[in-house]
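Structures incoming, each one as structure tokens.
Heads up, the next two complexes both have chain A, just with different partners, chain B and then chain C.
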Partner chain A sequence: MKLRKVLRIARWEVTKNAGGVDKKTVAVAAVALLVAGLVAPYAASQGIALDRGIYRVGVTEESPYYQVVADDPTFVAREPSEDALEAGRIDVLIEPGEPPDAASSAKGDAALAELRSTVDDYNDQQMRKETNQSAAFPIAVTLRYVERENVQEVLDPGATGGTDTDDESDESDGETGTDTSGSDDGSSDGSGDGTGDETEAGDGTGQSGDGDTAAGGGGGNVGGLAGSLASGNASGTPADISPPFPFQSLVLAFLFVLPLNFIIQAYGSTMLSERLNRRGELLLVSPVTRFDIIGGKTLPYFGAAITMAALIGAGLQFPDISPLSVGISVLAITPIALLFLAATFVGAMFARSFKELTFVTVTVTVSLTTYAFVPAIFTDVGAVALISPLTIVVRDLQGQAVTLGEFTFSTLPPTLTAGVLFALGAGIYREEDMFTQRSIPLKTLDALAARVHGKWSVAAVSAILLPFVFVAELVGVAMLFAIPEALSIPAILVIVVVVEEIAKSLHIYAGYAHSRFEAGLKPALVVGAFSGAGFFVGEKFTLLAQLVGLPEQVVVGQAALATGTGAGSPSIPVVIAFLLAPLVLHVVTAAISAVGASRDRESYVLAVVLAMIIHFGYNFTVVSASGAI
Partner chain B sequence: MQVALSDLLSDPRAAIARRDLASLSREKTIVLALLIQLFVAAFSSFLVVGLTSLYDPSSVSGEVNVGVTGNASDSLIAATEEMDGIDTVQLPNEATAARAFQDGGIRGTRVDTVIVANHGADRRINVTATAPDGSLQTTLIVVQIRETLEQFERQERQDRSAHIDRELVPLPDDVAASPYFGFTYTILIPLLLFLPPFISGSVAVDAITEEIERGTLELLRVAPVTLVDIVDGKSVAMAMLAPLQALLWILLLGANGISVSNVPLLMLTVASMATVVVVIGVVLGLVMGERKSAQLVYSVGVLGLFASAVFLPEHPATTVAKLAVDSPTNTTYALVALYAAVAVGLYALARAYVDRVDVESL
Partner chain C sequence: MIEVRDLRKEYGGFTAVSGSSFTVDSGEVFGIIGPNGAGKTTTLKMLAGLLEPTDGTVSVAGYDAGDSEMRRRLGFLPEESPLYEEMTPLSYLHFFADLYDVPEDVAEERIHETLDQLDLEHRDRQLGDMSKGMKRKVAISRSLINDPDVLIYDEPASGLDPLTTNYVIDFTSRLSDEGKTIVFSAHNLYHVESICDRVAIMNEGDIVAQGGLAELREEHGETEYHVYTTVEVPGSVQENGRYHRIVDSMDDVETTREAAQDAGGSVVDIRTEESSLEEVFLDLADPEVEA
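So, the complex of A and B:
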């Protein structure tokens, strides 16, 4: 790759679209963005009440419930009658002097449950208007989070007495009206008896007596827009306290991912249009390598993605922008952007028509957004959230520190995966595949075969496919996080076995399909052994996961990594056995698959299934022996 | 009737529609599309079920053990005796509570949370609740602490009602309702019904721009069809797909015990939406003549349109939710009629536009 050539192609990519038709695009897009910009504040101020009017309550205006129902847009007030309830025209019937009666349906129950929580909120709101605030809100809560190991000193009687009084005096200074309910009615009298305090949302960590145990707040050093949206409340009335959930940070982090979806649409189009009517041939025959072309055509879109991330990062912190914090966000978004672009590139190389590219783009959008977003939901829960780089962004928005090890653990696998995808796509960036209607399985084999030349390259491909394996397995772990352990461990073992065996053998099959290897039993065994060994070496990278310290309670995570990281036993022979056993396993199973691959497709499939069964047996034994089940 | 049907099938527009649909099924992309939608639905349901089980104590088994101490602990325990999902135990002092929280020894287990309740100087009860940090259970425990204390608060308010001027509205009974009911009708069903039109419109952009960019529009024009026929055929094919997919989702939901009401009206709404976005897509395709810009403007534009629907008296997603859950109002019906009218009107406008397009310039 020559930088000068890459830059020139990048310049063409940008400038060739600047004239003619595209002024129209710019105009229409500008109008669309303007409309979106005008609508957004209105939509935000209205709140998006999707459940507006879905339950109907029969209630008269005299009933104390009438105001409750009228205040909550979820409900519609109707004329009360038994008949209406029977006929399903209303879902809850409130008759004078009787408790609310629900229709005997799932909807009726749901409506009554909703009414219950609405009444609760309504009562709290009424109480806020009371003059006698200590009778209206007789309970003042301070919630604190404590690591179980530290509990002794925190709950030491002497210390608590001190912090308690501090907390209370802090609170009584606050203004009335809590930030969670948002119903700060101006009629409240005086500040002396308030409960919530406005400063709470700004820095949750400052509230509790001992700063390091409170995880309730968000915000931290993020001022501006992000700061005012922090979540997780730690004191006030009982209704005020809420669990630590990085909701706002997640929404903001989503802002970083959103523009990527638009960028990959344009990128996919431009890559696919190279393949229409042999347009790309001119560049292919020019004295540049295909990596120059791909690099040059990708660079403007990558640049746009990074610029957007930087702008969003800076915009969220406006007016006091911390370059370090923005930098961390941008660096964490970089692998996600690369992954989006790489997946779209491969999709554009494989797609046979515009329609197909649309579906591929939607698939990329959905699956990668999922990968980025879901683990980040568990940011506050544990290290497993770090498999998504978006977790870094969420932590950064919350003002939490990120260690270098965590950063590497989080960003390295997606970066490597993006690299592998680009390499595979580059394998079919050539005339035979670009301008013909080859079937997708054949193109897959072409892409893999382009990287396979001999036994050493087989080992190398096995190793470089590993990040892909690693990400696939970790996403599997995250998806199975919620189901019971007894089920999730066998399930994760199956995922691991299927992913690994295919990754070890598919390129061997591709090599045989392209006659890259000699036929016969012995060459097949050699190639298989090299694939297994390459995989084993690559797998040692999974030790990285342990270096940053995945928490020990993530048993499923250990199950996923069991074949690679069984070490840790004191006696040396056992350690060696633990290290060598996976090597033997990978070599044996890959050799079995390779022998199958050297024959034909049917025997390849059979051999891979056999290899999977052996691999599963091994993993299951290791996991059972280590006592995880 | 036989004659009419064969006439219909030999219509050039029907032929073009068939051709576009056939290319979708040949590439098996429609399968991919259905899989994506299924994934989105399954995934959002998984997310909600997962998150609800983090928050909703009744969705998981097991109780939260609460250790209570302090000079107001008697009234706290009395107030919360009847509650489900928690198990309170009174502890003599904070040091014991701290040990119970860390090491256990109370009824053979550790307490999940310690609540210290003391009467304060201003006649309030000051409560300090301690929850374990950084585990999946934390959320559940905090929610349980909140419910416990809210119950306590209600009891204390009642005891002090002589000092409160305003009337409290009595709380309705606690019923065992599905925590997913609201989500199913207000998020999941609108999502499943609006995804097909959105994808249809996007594919309509492709159907037009691909013919233009590949130069195959020339070939179609050699056949005895007008540009209006071509556009008609392509639009109908795409607009038809959306309500069919919507029907599939409704049937699937029905098979899972989620009954959806007003199906014909929902289908009409989806068909109208699909027509609107397909017309937008087709016109953008003709105007831009190039996939890249047309798709970009299409997706930004349609998302903008969907967002600006908040100016309507009822957002389309709410309209769909109200129809599906069987709480429609006159506004709902009026809006469905409006969408149908807009769809027909836009389609007529688009045809008039296509009629005037100079084919040579494409």
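So, the complex of A and C:
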């Protein structure tokens, strides 16, 4: 691949598409973006008040309620009079020494309820302004949310039993100890030096009194616009206490994923249009490689995705933008962007029409958004969140530290998976595959067959597909970790065997479909053995999960990723047996599938199902032996 | 300039081209003709490096087909004109000039020169708004953007109206006069006869005949002798007061002359008619069909 050629194609890709939009449209879009860019921060800082001035309150300037009414844009102050209330010119009347009186109408009742709420908030604000917070809030509650080490202990205390578990559950739900000022996101340890005028009480654990956040969870240290997403205050009444909802994680994850869904629409369209009417044929015959073409056509969309991530990252920190933090966000979003683009690229290579492409992009959008978005919601929960690189972004924006191991665990699998997908798509980015109208399953086989030429390439493909397998299994873990083990472990075992047996055998079937291998039992056994061995070697990649201790933290993660490894300090023969057993398993099951693949499609399906049953039996035995079930 | 040896292409179990061999000399115009599905386009695409041969070798200007340097010296025109319809002719041609590393000033001059020769106006209009003939002219301009030594044209006049067809064929002929080596396929055998130095006839993936036009006629065509006599001879028919006999050898001509003399008449005219390329083609492509 030559960078010069890639950049040229990228430049023309941008100008080519720009040619389809006239100058007036470009100008209008630019102005609209500019206005939106100028207005959005102002609107965000001012808040949106669609209900401005809808309630009219009769109150004099001398009344203590006047400032409450004046500060809330929902209300508008009017001259107080009984006549005005009866005539419906005001909704609430406040007279000195009298409780507020509402007009006898639904609107009057609503105005009074709103006024009470506003008065409560106003009082809290006034109390927070007090220099002596101990006097303002004589009883304080420290909210300390801890990471859940094993969700089953919470959901099913009896399983691991005892009152200790119950205590942990209670602690997990917050409300331990007493102190001042409230805590923030719960991921901190809750101990340390108190500042300000805190009043020690209860167990006496100090708590920072920086007034950052409080109940509502997920506050963190994020500032700027993102900071306004955090709810709650550093102090307040018991009514302010509520279980943590990962609102900020959710919004931040959503903000970063959303633009990718639009970018891949344009990218998929341009890649597919190269195939329709043979438009890409002339690029293929020009003095550039297919990798130059793919790189050049992908680069603008990748650049757009990264630029959007940088802008969102910077925008969320505005006005205190940290280049390092934005850089981490961009680095973490890069694998997600690559994965979205790679999956769309393969989809565009497989689709026969824009109708099929729509189906493909919707599938990609839903699948990858689930992969990226769902784990990131649980940013404050534990290692399972690190399955998604978005968690790195969210943590970074919340001011939490990210270790190199966590970063690697989150970003390497999707990066490698994106590489595998691009390689598969590139395999059929050639004249004789690009312009043929074959169904998506057949195109999938074509793409795999393009990489298979002999037994060694079969082993290599089995190993190379591991990131794909790994990501699929991690998504399974992310989807299942919160449900009871009795269901989640068998479910994840099924997912594992289905994904792994297909990954070990589909390219063998593709090879046979394209006459890459000799017919007969012996060649099939050899090819299968090589596939199993390649998969065994690649499987060591899953040790990456140990970087963040996923198998230890989540039982379902152990079932998915730690099968075949023993516990404790076994003897050398046992260790060797544990090491070789997965090899034997993969070789045997892949050989069974290969024998089926060497015959016909029906035989292949039957053989793969048999391989899956054997694999499931093995995994179930190992997981049972490890005590996970 | 082009050397093809035992070229073979299979798609799954289907053999599209089965062991073709031919050479094309520098400056020569080489035509490939054959019925639909004969393997012409597949052969041309293998020459252009678009398709990888299952077996055999292709050498163009001393480079293997598909080699980057070979592509740089090649101009390829596919049967359809797959253009980026959002672009204008000028931006489209500049794009390809850029890919072929043609300096900006050279590209500018070459683009306008070629478009002038092809009489293409509306150079700032989007390609999607242009007629098929105009698009074809842009596609031809693109094939010349790198000033290639070798041109591979697949049905250059396919689907065009007669006027544009003649224009394109004339233009191709002029390129030949400039010394370009041209390999092209066409269904219109008149066009092939008018500009080709040599021709290969393909059928069902095989080259069934190749050579110069005269050579092909001599080897695969027929020469008919139309003998006109004043008297009736065996095998003759009366035509406009004369007797007309068609024979296929000079010996038969002599026999006819002797027969006319024996009957008291004489031979008044002898005309020779050779098979056209179309007749040779039809005969080779489908021997069952009478030309």
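Brief remarks follow.
Here is the rule we go by: the second predicted complex is superposed on the first by the 410 of 629 C-alpha atoms of A that agree within 3 Å, B and C clash if a C-alpha of one lies under 4 Å from a C-alpha of the other, contacts with A are read in each partner's own complex, and residues count from 1 in each chain.
The rule is short, and it goes like this: contacts are C-beta pairs under 8 Å (C-beta built on N, C-alpha and C of every residue); 3 or more make two chains touch, one makes a residue touch a chain.
Keep in mind that what you see is a predicted model, and the values were worked out from it rather than measured.
By the touch criterion stated above, A:130 is placed in contact with chain B alone, chain C being left untouched.
Of the two partner chains placed around the shared chain by superposition, chain B is the only one that A:143 touches, whereas chain C remains out of contact.
After overlaying the two complexes on the shared chain, residue contacts for A:355 are found with chain B alone; chain C is out of touch.
Touch criterion not met for A:251: it reaches neither chain B nor chain C.
Touch criterion not met for A:487: it reaches neither chain B nor chain C. Once the two complexes are laid over each other on the shared chain, residue contacts for A:277 go to chain B and to chain C alike. Of the two partner chains placed around the shared chain by superposition, chain B is the only one that A:266 touches, whereas chain C remains out of contact.
Touching more residues of chain A than its counterpart among chain B and chain C is B.
Shared-chain residue A:16: touches chain C; no touch with chain B. Of the two partner chains placed around the shared chain by superposition, chain C is the only one that A:287 touches, whereas chain B remains out of contact.
Comparing the two interfaces of chain A, the one with chain B and the one with chain C have residues 17, 277 in common.
The touching residues of chain A, when paired with chain C in their complex, are 5, 8-9, 12, 15-17, 19-20, 277-289, 430-432, 514-515. Of all the residues in chain B, the ones that touch chain A in their complex are 23-24, 27, 29, 32-33, 36, 39-40, 43, 46-47, 49-51, 53-55, 93-95, 97-99, 101-102, 114, 116, 118, 120, 122-136, 138-139, 142-143, 145-146, 149-150, 152-153, 156-157, 160, 163-178, 181-182, 185-187, 190, 199, 202-203, 205-207, 209-210, 213-215, 284, 287-293, 295-297, 299-301, 303-304, 307-308, 310-311, 314-315, 317-318, 321-322, 325-327, 329. Taken together, the chain A residues at the contact with chain B in this complex read 17, 21-22, 24-25, 28-29, 32-33, 35-36, 39-40, 42-43, 46, 48-56, 64-65, 68, 76, 88, 91, 99-100, 102, 106-107, 109-110, 112-116, 119-120, 122-123, 126-127, 129-132, 134-149, 151-152, 154-157, 160, 164, 167-168, 172, 193, 213, 215, 237-239, 241-245, 261-262, 265-266, 269-270, 272-273, 276-277, 352-360, 362-363, 366-367, 370, 374, 377-378, 380-382, 479, 482, 553. By the touch rule above, chain C contacts chain A in their complex via residues 11-12, 45, 48-52, 68-69, 71-72, 74, 76, 78, 80, 82-84, 86-88, 91, 95-96, 98-101, 126, 142.
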